[in-house]
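Below you'll find the structure I mean.
We call the chains A, B, C and D, going by the order they appear; numbering starts again at 1 in every chain.
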Amino acid sequence: MSFAELHALLPQLILALGATAVLMLGAWWPSRSCWILSGVGLAFAAAISAGLLVPSVAEIGGMFSTAPYARFFTILWSLLVGLTLLLSLRYAETHRFAGAEYTSLVLFAGAGMSLLSAASSLVGLFLGLEAFTLVLYVLIAFNRGDTIGAEAGLKYLVMGAVATGFLAFGIALIYTSSGSFHLPEAMHGLQQGDHMRPLGLAGWAMLLVAIGFKVSLVQFHLWTPDVYQGAPAPVTGLLATGSKGAVFASLIPLFAAMGALAGELNSVLAVLATLSMVGGTLAALPQRNLKRMLAYSSVVHMGYLLLGLMSGGADGQRAVVFYIIVYGIATLGAFGVVTSFSRADGEPQDYETFHGLGYRHPRRCIALSAFLLSLAGIPPMAGFFGKFGIFHAALKSDHQVLALVGILTALVSLYYYLRPIIVLFMQERPAHELRRGWIHEFVVLAVCFSLVLLLGIYPGPLLELIGQVLPQP
Amino acid sequence: MNPLLLFLIPLLPLLGGVFNACCGSRLPQRLVAAVAVLSVAGSFLSSLLLWPLGAGEGTRTVLFSWLQSGGFRADAGILFDPLAAVMTLMVTGVATLIHLYAAGYMEHDENQARFFALLNLFVFAMLCIVLADNLLFLFLGWEGVGFCSYGLIGFWYRKTENASAGRKAFIVTRIGDLFFAIALLWLFREFGTILIEQINARAVELDPLLLTVLTLLLLGGACGKSAQLPLMTWLPDAMAGPTPVSALIHAATMVTAGVYLLCRMFPLVSLSTTGMAAIALVGVLTALYAASCAVAQREIKRVLAYSTMSQIGYMFFAVGVGSVSGAMFHLLTHAFFKALLFMGAGCVIHLAGNENDIYRMGGLKRKSPQVFWLFLIGILCLAGTPLTGGFFSKDEILLTAFARGDGFSAILWGLGVLTAGLTSFYSFRLLYLVFFGEPRQAEKGHSVSPLMLWTLPLLALFGLFGGLLNLPHLFGGHQWLSHWLGQPAGVSLSLGTELGLLLLMLIFFGGGWLIAHLRYRRFPGDEQADWRSFLLNGWQFDRFYEFILVRPYRTVCRFCWQGGDKALIDGIMDGISRLCLHWGGYARKLTTGQVAFYLQGFAWGLLLIVGWFLLSAVK
Amino acid sequence: MIVPLEHVLFLSTILFILGLGCVLARRNLIMILIGVEIMLNAVGLTLVGASAFWQQVDGQIMVIFLMAMTSAEVSISLAMVVYLNRRKGTVDVRAFDEMRG
Amino acid sequence: MTASVAVHFPLLSLLLWLPLGGTLLCLLFRHSGNLCRWASLLTTVAVLCLSLWMAFQSLGGNGWLFYEDAAWIEPFGIRYMLGMDGISLLLVLLTALLQVAAILISWQQKEHPAFFYALILVMETGIIGVFLALDLVMFYLFWELMLIPMFFLIGVWGHENRVYAAVKFFFFTLAGSLCLLLAIISLYLIHGGQTGEYTFALEALRQTVLTPGTEMILYVGFMLAFIVKVPLFPFHTWLPDAHTEAPPAGSVDLAGLLLKTGVYGMIRFAFPLFPGAAERSLPLLAVLSLVGIFYAAWVAYAQTDLKRVIAYSSVAHLGFVILGLAAWNQLAWEGSLLLMINHGITTGALFVMIAMISDRAGTRELEHLGGLWSVFPNLSAFFLLFCLASLGLPGLANFSGEILVLFGTFKAQPLWGGLAVAGVVFSAAYMLRVVQSSLWGESKVLQRSDDLGPREWLILIPLALLVVLLGVYPAPVLDFLREPVSLLLATGGMP
């Protein structure tokens, strides 16, 4: 690890070392808000450094690339981590979280995500993925107050462990088939007629299972609703946006490396995408709980992302990256609203508690409606251009059937996005007054709301930025 | 004289009507009545002054272009030719008299503004029909008249029967308008223009079948407006309106609009023989049907309504046998004496204390001799006593029919003569029941206002001496009306046959009078024969239409709503949404909460992917 | 190579399936974690076999990473097991199904 | 088509974004209902004056009266293109007028006034945007922007089962518009493939060469969105529910404007882009519209709620408009567009009147109404006038449009014209039933007995004058329509 490589890894180092420092010092001065704010500072520092420092060396230890693509995502994830910490400041107070541990774990998760997105080799992918999965095991069960937190942690742990097993086995098989971990070469084992091809394909199967778990595609999504409901709201925000987004960010170069070899793979991905979209939508329809509904909706969105990924090409990749950002903002905002409403004795999730809330907390409920409409893909919100990009890419790579399925699920999914809005604004009942929001939550929600609207009206510059950042296949 | 002055005729009533409608309710009642009467009188004067413009070919002027788009052009234009001149004079003249009469009749009514506004708008619409130079402007008047009659029939809207009578009139006439509209559209499709003159001129180019269809459509439109078979059920109910309304609309002007339309389009209509036969047939049948109903009616205004329907039947008969001058002649004389009779009926109702039923009236001769004498003149004209206006016009129609010579016309002539007999019977029956015998009415009637009385003699004069308008050669006349309308001279029959026909007419007139005299001179009391109630209800046509048209329509509508909208379309849509929710329930049950089950989900996922790879590898 | 690659792969696959079976069959949390460990060991074996086959040292470096990660995971899992046991009084997986639907 | 006007100030953008300014004002003053009320009224009146001034500015102009073009989202080739010709000018005028009426009619809005007025103004922007947009994606954006305010208007301020009506409205329209989205993207890709230039501009996309098969599929995608919105026969069941549950302002906008966007979409986008497929679909359109005319008239007769009758009457009238379009000649098209505008005014006025009547009589059920004339003579006079106009009485608004449509349709296809004329009789049947059961007869128990107030006079007089003027002298409107219609028809390839 020459000095130049260390210099290139600076943002991740700031996050990781910062986390350990916070952990150590936290043991002596146990004051909650100061550590969380310092964590926010660290996150923003990492983001700024990733933005400004132009690394000289192209790749670090053959495992992580420092292309603009990686730096772009490092900025994104550290900003996300910063916002999550800012969001959970008041939440930690009421639930008496251990400030230092919480901050360090979240920062570790941030570091893991940016490493994963920067991965240019299977080893790097493995390390990045495992880094933040382990952290999330603890974060999900962090709330010692209630039992369902523990149950959620358990489910995520068991499923995660098994998934890690599959991931590792998949990497091993691909390595055996191609003899190298570095991405472009690792895929050579899959050439037509190569005697190692079935081995490579088996490796890919295992890899897909692990990805299926991490990104909660259909058959592997059963844990998602329980974990989302059980985990504390800010952590669910991080889990929903960060972990899934980072995995997809790492998949883009992976698929770019695959190139023309993805014959059988495309058909499997098509099946997975369709199942996710249809299965997720149907399961979400009768939901009566906001967090479980958002869980199933994330399954549907992963189906759209998979559709975008399969379309490949510059359009497909740009659509996926834009969609990750837009989906991330909307989901973080939605969970931010849930966080700001939550009290010591638990978070308001069932629709019964939301009746007529729209008029007692107009600002937050309008923000929540905006986020839900963006997830549904209704024009003035950013979600529309996300879906527009996905369908544009899908139709360009003539996946007409999948685009049609996407349209139908978008239509049906509108129902469960409208349901909370109806409950909030149209079914007034003399419900009790929920908690007043803190300034920190309003800042985060304001940022998310304005981003959702801005990207919905004028997404041009962001699309161009993504266009430049994409890895040239 | 500048032709644009012609527009004064329709615009004056329009201005009067709009003025009354907008600010009538704030002004004193007398001023409202005055404005209405003056505007119609002004229109009458201007049509008198502009009479020479109508001679010969007539004059054409256009005020502004109403609708102009893509090869279609309809503008507010006037065609003031002899036919229109005569009709305008009659309409405005009778309207002025009736407005005067109405000023007296509606003295005690509180919202006269609405009444006079509608009356003026009605006169404007009627003048649009008469003066229009293109069929669309005529159609505007046509439907405007329909609306005004709807408003006026339902004037006393507190009682829902009046309002529903108005609605019935509007819808039945609207059905007639439908046929007229189709003819209008078809003419435009054929000639690319809707100017009446051009259509009449180029009517020869059309092939016979199309001509017949167009004539039948025009006949349908005319039947709707002039209450002929089969669209006649609305006229008797239309008597629910105030008497001046019945006098103006349902005697003189609106009901004759159908005849006027046929006369206007005569060059086109006369080309199709079957069409003409149909018109004649409809005319005679309606005349017979209406006369038979009039015999058994209990209310004074319903008797007159059926008699109007019968006389209009005669006019259709005249057009059907090809004599426009006969039709117009009868139209003019009928307008005078029928308006007289209706206004007289108004006075009678006032005298009998607002009692309508003639079986509960009587002995009014002693109560007010003036009304009796004027009413008598009207009855004489209606019955067709020799030397009265009614006699000459009806006689000319029957003569022309007889002169055609073919068997079909002969049968129709026979029915015509029979109907003439019936007419004289029910006229005198009405006279005896109302004016002779002991007074049977319940309360004491109140006196008739002078305004109502002094408008009647003028009409009586016109009714009696109407014959001079078109005196046949037999009586030394020179058929002024036929020459004025530019129609061919009257048909020449040998002196013997003409005298014979006159004699026959006299016999039937005398017979009718004699039977009525014997039957009703000393009133024996109310008799209830079932054939009477059949005739009383107008051959039960109302119940018949209710049964085959109105009731099925309601069931179809309800079926469309409940069956079509609710069950079919909404059913499908709601069904799909319930299906999705149902499947959602299944998908939701998948997450049982058991970690072991989730791991099995994992295993299924693995099998799915590996199986797929094996499958594709095998392919 | 001393032993042909196929044998190594065959053995590790069997080991992997055994681990997976243990995970699916067992209801006790600790036994599930043991099953996962078996799966990860199978992966280690494959990697060593592959690096021997390709005459490279990358595989073995990956095994080191793998072992480091496995130990981290085991420590966190066991900490979670202790926490769950204290909270729920049992380690049986079937007890944890409050959230469903 | 070059821009014919020298004004370089972006008038169209001002017209488009002015209502949004009003929305911000409303949200700013949200604590005092009165300030919101006046702010929104001022905005709508300002939009009306601006559109009137633009109308006078472009008297006798031809081609694009006003035109604006700017880059918006380069990566996808989406441009900010606004264009106004005779047709869109008239529709913008109609929008501005009815929005003022909507604000005036809901003057005493009690619950959440700020939120209410803000939504109405956002909808105005959406509608004006639909009428001006020339870029397909921009058109789609404004097309969906209209949905959210209406969804909230029906859902929050509606009557009993407002949620069902709001969701049904949203779903019907969104289903159609998602097909539109797919069709737009595929057309964009085909065009890009052929000419290498990826753009959504209407002019450019008109040059794409399409095989009959793909042209028909894309045409169906476009038409589905517009047919649901018009609404044509099988897709109309959302309209009566939406109308019955919507608040007065919502109904005025829904009937007066939202239905027109469907027809506008057809003549601006669907027919010019796919002329071949359009001509093949004309008989089907005609059949659907004819069935719609009869079916809606029959169902309207069986209704018991006043608003539902007027809703079904709108379905019948718009069946006429589509029939006019299906006849595909200059006369019929000018007639159907004139009828569209007249229908907007008449039905808008009718809904305004229904709001006034239900305030006074306390109910909208036809059985419980009755004898209004004796208690409210002025109100009833206006209501009778608007009912007659809707009935198609000559000399009033709807007749001039209807008769031109009939002439045009009869010239093209006599059978269609003849059947359509029969439809007019049925419209008389249900309209007179409404008048009969509400105005005539003995007056039943009433909540208020004061006749028209000054505010109500202010709404009704201009509407009444317009209804009479458009019936007696529609020439100025037809002059605006003549040139754009001939242009659209020329591109359609038929005389």
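The working rule: a contact is a pair of C-beta atoms (placed from the backbone, for glycine too) under 8 Å apart; a residue touches a chain by one contact, two chains touch by 3 or more.
The structure displayed is predicted, hence computed values, not measured ones.
J.: Most remote chain relative to chain A, going by C-alpha centroids?
T.: B
J.: Between B-C and A-B, name the chain pair that shares the greater number of C-beta pairs in contact.
T.: So, comparing the two chain pairs, more contacts are at A-B.
J.: Can you compute the centre-to-centre distance for chain C and chain D, using the mean CA position of each chain? Integer Å is fine.
T.: 66
J.: How many angstrom between the C-alpha centroids of chain C and chain B?
T.: Roughly 98 Å separates the two chain centres.
J.: How many angstrom lie between the centres of chain A and chain B, each centre taken as the mean Cα position?
T.: Spacing between the chain centres: roughly 79 Å.
J.: Once you find the CA centre of chain B and the CA centre of chain D, what distance in Å lies between them?
T.: Going by mean C-alpha positions, chain B sits 38 Å from chain D.
J.: Residues of chain A that touch two or more other chains: which are they?
T.: Residues 154-155, 158, 162, 166, 225-226, 415.
J.: Touching at least two other chains at once: which residues of chain B meet that condition?
T.: 588, 591, 593, 595, 599
J.: For chain C, which residues count as touching chain B in their complex?
T.: 20, 23-24, 27, 93-94, 96-101
J.: Within the complex, which stretch of chain D touches chain B?
T.: 168, 234, 237, 240, 295, 298-299, 301-303, 329-331, 334-335, 371, 373-374, 377, 381, 388, 393-395, 400, 403-404, 406-408, 410-411, 414, 417-418, 421-422, 424-425, 428-429, 432-433, 435-436, 439-442, 472-475, 478, 481-482
J.: What residues of chain B sit close enough to touch chain C in their complex?
T.: Going by the criterion above, the answer is residues 588-589, 591-596, 599-600, 603.
J.: Enumerate the contact residues on chain A facing chain D in the complex.
T.: Residues 318, 359, 362, 373, 378-380, 384-385, 388-389, 391-392, 395-396, 403-404, 407, 410-411, 414-415, 418, 422, 425-427, 458-460, 463-464, 467 of chain A touch chain D in their complex.
J.: Which part of chain A faces chain B closely enough to touch in the complex?
T.: The touching residues are 154-155, 158-159, 162-163, 166, 198, 201-202, 204-205, 208-209, 212-213, 217-220, 222-223, 225-226, 263-264, 267-268, 271-272, 279, 282-287, 412, 415.
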